[in-house]
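Input: structures, listed below.
Each of the two complexes below includes chain A, the first together with chain B, the second together with chain C.
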Partner chain A sequence: MHLIFTEVETSLLVIAVDLHSRQRYLREHPSQLMHVLDSVVTLANMHLMLKTKNKVAIVGCNAARSDFIFCDTDAIQPQPGQSGQSGLARQSDGQYELFAHLETSVKQNIKKFSVDENSSFFDDKDGESLIAGALTMALCYINRMNREKATGEKLNSRLLIVTGCSGGASQHMAYMNVFFTAQKLNIVLDVCSLDYELGLLQQGCDITGGLFLKIPQLQGLLQYLLWVFLPEPPIRKKLVLPPPAKVDYRAACFCHRNLIDIGFVCSICLSIFCKFSPICTTCNTVFKPPGSLLSKKKKKANKNVC
Partner chain B sequence: MADEDEGNEYRWETGYEKTWEAIKEDDDGMLEASVAEIVQRAKRKRQAERRPNTRLGMMRHLYIILDCSDAMSDQDLKPTRQLCTAKLLEGFIEEYFDQNPISQMGIIVTRNKRAELVCELAGNVHKHVDIVKQFAQGPCSGEPSLQNSLELALSSLRLLPGHASREVLIIMGSLTTCDPHDINVTIQKLKAEGVRCSVIGLAAEVRVCRQLSKETGGMYSVILDDCHFRDLLLQQVEPPPAARTQDSSLVRMGFPHHNRIGNESGDTTSASNNNPMSFCMCHLDVESKVDSSKLGAAGHLCPQCGSKYCELPVECRSCGLTLVSAPHLARSYHHLFPVDNFQELDAKEIKVSDCFGCRRKFVEFDKHAYKCKACFRIFCLDCDIFVHDTLHSCPGCTSTAKIGVST
Partner chain C sequence: MADAGKISKQPQSKTFQCKNLHDYLKTLPASTLDKLYNHPTTCLAVYRELPEIGRHYVIRILFVEQPVPQAVVASWLAQEHSKEHNEVIKVLSELRVWQEAAIPGGLPGWILNPIFKKNCRMALLGGGRANCIQSQLDADSKPRDIPFLDQYATERWECVLHYMVGSQQQEGISADAVRLLLHAKLMKRDEEDNSPIITREGFQFLLMDTAQQVWHFILQYLHYTVQEHNLDLVECLTFLFQLSFSTLGKDYSTQGMSEAMLKFLQHLREFGLVYQRKRKGGRFYPTRLALNIAAGQTSAPGDIERVGYIVVETNYRVYAYTDSNLQVALVALFCEMMYRFPNLAVGILTRDSIRQALRSGITAEQMINFLRLHAHPRMVAQGPPTLPPTVVDQIKLWENERDRFNFSEGVLYSQFLSQQDFQVLRDHAQGLGVLIWQNERQRTMVVTKGGHDDVKKFWKRYNRGND
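Up next, the complex of A and B:
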């Protein structure tokens, strides 16, 4: 960590933006979407500005799909037909090309989502936002960036989720896979929640060493993003940031989805049940009835050994 | 040779193989592409061999038997067999506990015709790594005793409850073993108890080892070099299919509250009043001054008896309840619900221009592309390997609301 300023280090920030139209702030004030997107784009630009070699990618997701809004393949090719326009924008105010490019490609790609939303919006109203899908794509992308980096270069990657949705239980497994992969690859996962305290994502932040913040006011989104999520993880130790959330690590049983303190776990598939049942509903294993004297004795003997 | 079947044939008895013909030069007369392809094919082959939905022994109890005889000071592995083994074992232990979080491991060392239990079955990564580091400095002398060490492992493994998966992994440098009785009796005992014994030989094939692993359903392999050694060790990380003798049962487990106030680094000053200061149970009997029981409010409280522990998973010392946290269990789910293998396509036939996962453009160098059978997305080879080896969930399937709606 002390070498941090001497080595050639670059930082890749992948932002996952939730574009689900059922988010509370969007239902109440649809125009807020531009506010959120502008804030995210500004954060991305600020990140690029910190170092010339820094990289940014943005992934979007709603209930129907998740897709890249901005990534490096966008940067290589200006959109056909639009090249003249983006060139014009570059000329007009002398803005750094990459910023202008980022903004135009975000605006263009976001359209795909709204078209999608219109077609599938009404039949799939209650579907959850596919944040986990966006994160898996982001991890694949980070994996490629790691592979393609020049030798001797150090790439620090991190993920940031900006969401106003609740829940996520239906994608539990995908989320868990993402958290553990991120932990393994030393990727920090930050979450900026616009509306809810999200238990599952809090676990993810805790596992990967990231920050969870539920912002008190949407108006100040940009400030929160810049103060809390712009600094790199090594620098954060020196800042006074919101305290880590208290994470509830209790398990939910598979049968009733209750949070339990003591439960029964299937030894074959590790499903969790709140009561003893003779057959595992996940893997159809038949269990021996518990509580026979013999097994208790065995357990005690086992305890002495361990 | 390691990959040899259980058949009676040795490799030198089989037909003549022209191994060099598998390697072809490309247009520029380079071999790299061809070699890379062989490596990738091997990787995919290993994926294809994994069969889903087999009943796995998820609660593993593994004893590692380490040879510490004279033979381990040989220098055919650099710098010595002993140091190389220790280094690779450290990686193995970390990977093992990463992939099998509620499993346990013990270490037995054999030297001077004796077996010594240096670490009992436990689930603490740091402790095991420390012991392996000590092993690297320890002396190597005399002959190993296979039977003594197996008996020692068995005496502890036979006491485990029926649902536990019992395993022994032997790392043998020596070609001989000095045993007090008939080892075949021990092998039969191991077989009866359902202990799966795998052997990794560092020198050459030994019949008794082959016999042992064959009878107990384990694997026997002899290393070619240190890379192969590493591969063989990492193969042991995946949980094996459940043994026939293994019962299934519901295990009672506790999910402690995360009683954490203030910083993770044990910031005791900010402890609030409703969490009284207490000692943790896991460090009570540690005598060293550095690492003794810490007084503080942070920790995990057993929901049954209220004892405090600083690390999970652990078995409660006062009431015997296994304490885990939900992510520990979730970490093993990917073994049970693996991603199906992708279908290999010719890169010329595909219509999309880039990989769905990492957005890399397909170039002429790519010979194959890979299609998920559930969501029909196209991936590049690197994503294919990454998804199956590390990520364990398909980016296409997780980012499509109804699987199979779009191509």
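Up next, the complex of A and C:
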């Protein structure tokens, strides 16, 4: 008989999926989006399958918006009085109801993203995907779940980003805020990159103790997700997983998005610039122009971003 | 010499064995297991019972068609956890989740049980036939909401427990249920008036949490009633698992269920696992009790009794904020009750009350666990530790008090003629590791029963050598 009293542990996985249509793999084969979404949904279902109490949420983002595609407000809640006609479709095959429900909700909610693409509101078609925004929403969501949990319950949360975008430098500040918040809240951040080596996100993984993986081929996405990103951090220690890559900790300057070793740092807001500018573009502080070499040294600081 | 004064061994008090799903499935024959795996929900339930590493192993090869070499599987886990790896392999093989298969080239490999694989995938990705319990298509005219179902389930279940504690209320429990309680040895017939009384196991049963109680009860039910009522074990288990993966607050149709299953449904209804307004209504609602079956002991999602009611203070006082006779009766199993108010009962933990409970077969661990499980939210919020450590320690000490004697069977050697003889024999026994006790002044020693023959032989040889 089991009498060992254990805390009820719940683990929450929040997946941020990049739905930007300008991702390289999508430009080449638009149909790949379904493949990626299917893999993500299967990963989410697998996570729910692992333990009864596991929870999952999915956030989507493109260049115009980031929004939840699936979260607990979408969870199965039959409304009394209209059961049968409620949002819940009746099961017609052998799939577990909860899994089927997740799949249909994702398919429904994904529509609003495709509507965006054609609307006039969405004119910056080549802008960057708002992953940082999606992550911030995810963090807020995790925070809310933490507050709402019952006493004596323990919530282990983690984040997973699935993206095929390249950059991210324009959201440098937002990213950094996300990374350090996650670190403080003990949230592990994992990144599954479909296309590029992403320096900035690698830093995030390193800071929060997560894993970064650039998958060699898109075909096997599901297997990569299941092998590397499904195990919880405590289990990962036991499994043999790809070793962490060496992380490039150089920062991108705020003016030209170049990675720099040495640059100028605003003494007020710590923004980084590769060239001297008299007014800080972030906080509008006015600097004295560098006169002599001596006074210039005061303004200029050797920058070692950590 | 060497006269044998035997010290008999007292039987240790038996703690109550409650199997988990895994232990139960292990006892089933292979063919039954294969039949069970024919349903996606069973596969899900079995999957969730696997050890955590095992679950990842299954996922990794779920979409692999050919056998995977055993060496490859072993390399998935870091070297220092190889013990855990072996354990997982054992469990997976025992449950017939995977089988050994040879890979071309002669390497041994593992391949998932094809039936298990197919149905696991079906549960995950869809397809296949619909479950045999189907959702009702037209809306219920009087739908029941979740609080109602919870209340109903609690009422039904408490009715059974009430009966066991012997509270006044005795109606509402059928002859079948009583027979089952007797069969499960939770109750026995009193020798005098033939009325059922609670047994040692019954007391322990009462202190388990609801999910465990239900599971234990269901196991006994399957064991016993299935044969008696000619129900098919596989069909019953499948139905139970399907119930446990259904959605709370949703109504399901009895359409397409066999006569035997309808009978089974009526039994489940009696214990509060499903709610039916009318016997022939054609629809039923699963309750939380049913949903918790597959979740098993490991975690009870949204247990009905989540709201604790017990406060324990460092002065050994126990306050039970409840108006339920059953809950007061449970606390009274190991507490000396002092006052009873409309919504509060006060008791005190004393040495006598604890010892009385221990005598009736409840262990200290069970009592502590019960108090912890039902601790008032305020106590949980203050914790950990939820309970005052002094009280916990004292209860354990009171239990240990009863185990001051360690009985071991042995043979007494005494009346040695010389000190030297004694020393030789004692040193020999000590060398063999069979010496239990010795006293040099009285020239007496006790060896274990198993070591008696060796020591005796040695003694004979030694004597002969001396002569």
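Keep in mind that, in the parts below, the second predicted complex is superposed on the first by the 226 of 306 C-alpha atoms of A that agree within 3 Å, B and C clash if a C-alpha of one lies under 4 Å from a C-alpha of the other, contacts with A are read in each partner's own complex, and residues count from 1 in each chain.
Convention: contacts are C-beta pairs under 8 Å (C-beta built on N, C-alpha and C of every residue); 3 or more make two chains touch, one makes a residue touch a chain.
These numbers were taken from a predicted model, which means no experiment stands behind them.
Of the two partner chains, neither chain B nor chain C is touched by A:Lys214.
Once the two complexes are laid over each other on the shared chain, residue contacts for A:Leu130 go to chain B alone; chain C is not touched. Once chain A of one complex is fitted onto chain A of the other, the partner contacts of A:Arg24 are absent, as it touches neither chain B nor chain C. In the superposed three-chain model, the partner touching more residues of chain A is B, compared with the other of chain B and chain C.
Once the two complexes are overlaid on the shared chain, A:Lys149 sits clear of chain B and of chain C alike. In the superposition on chain A, contact is made by A:Val240 with chain C only, not with chain B. Once chain A of one complex is fitted onto chain A of the other, the partner contacts of A:Gln223 are limited to chain C, with no touch recorded for chain B. With the contact threshold set out at the top, not one residue of chain A is in contact with chain B in one structure and with chain C in the other. Those residues of chain A lying in contact with chain B across their complex are 61, 63-68, 71-73, 120, 124, 127, 130, 132-134, 136-137, 139-141, 143-144, 147, 171-174, 176-181, 184-185, 203, 207, 243-244, 246-252, 260-270, 272-273, 276-277, 280, 283, 285-288, 290, 295, 298-303, 305-306. Those residues of chain A that touch chain C in the shared complex are 1-3, 5, 8-9, 42, 45-46, 49-53, 76-78, 80-85, 88, 90-100, 103, 150-152, 222-223, 226-227, 230-231, 235, 237-240.
Interface residues of chain B facing chain A in the complex, by the touch rule stated above, are 55-56, 58-59, 98, 102, 104, 120-122, 156, 159-164, 242, 247-258, 260, 262-264, 303-304, 315, 320-321, 324-327, 329-334, 336-337, 354-361, 382-383, 386-387, 390-395, 397-401. By the touch rule above, chain C contacts chain A in their complex via residues 15-18, 20, 40-41, 44, 47-48, 52-53, 55-56, 59-60, 63, 75-78, 81, 84, 119, 122-131, 134-140, 143-145, 204, 208, 212, 245-247, 249-251, 294-295, 297-301, 306, 365-366, 369, 372-373, 377, 380-381, 383.
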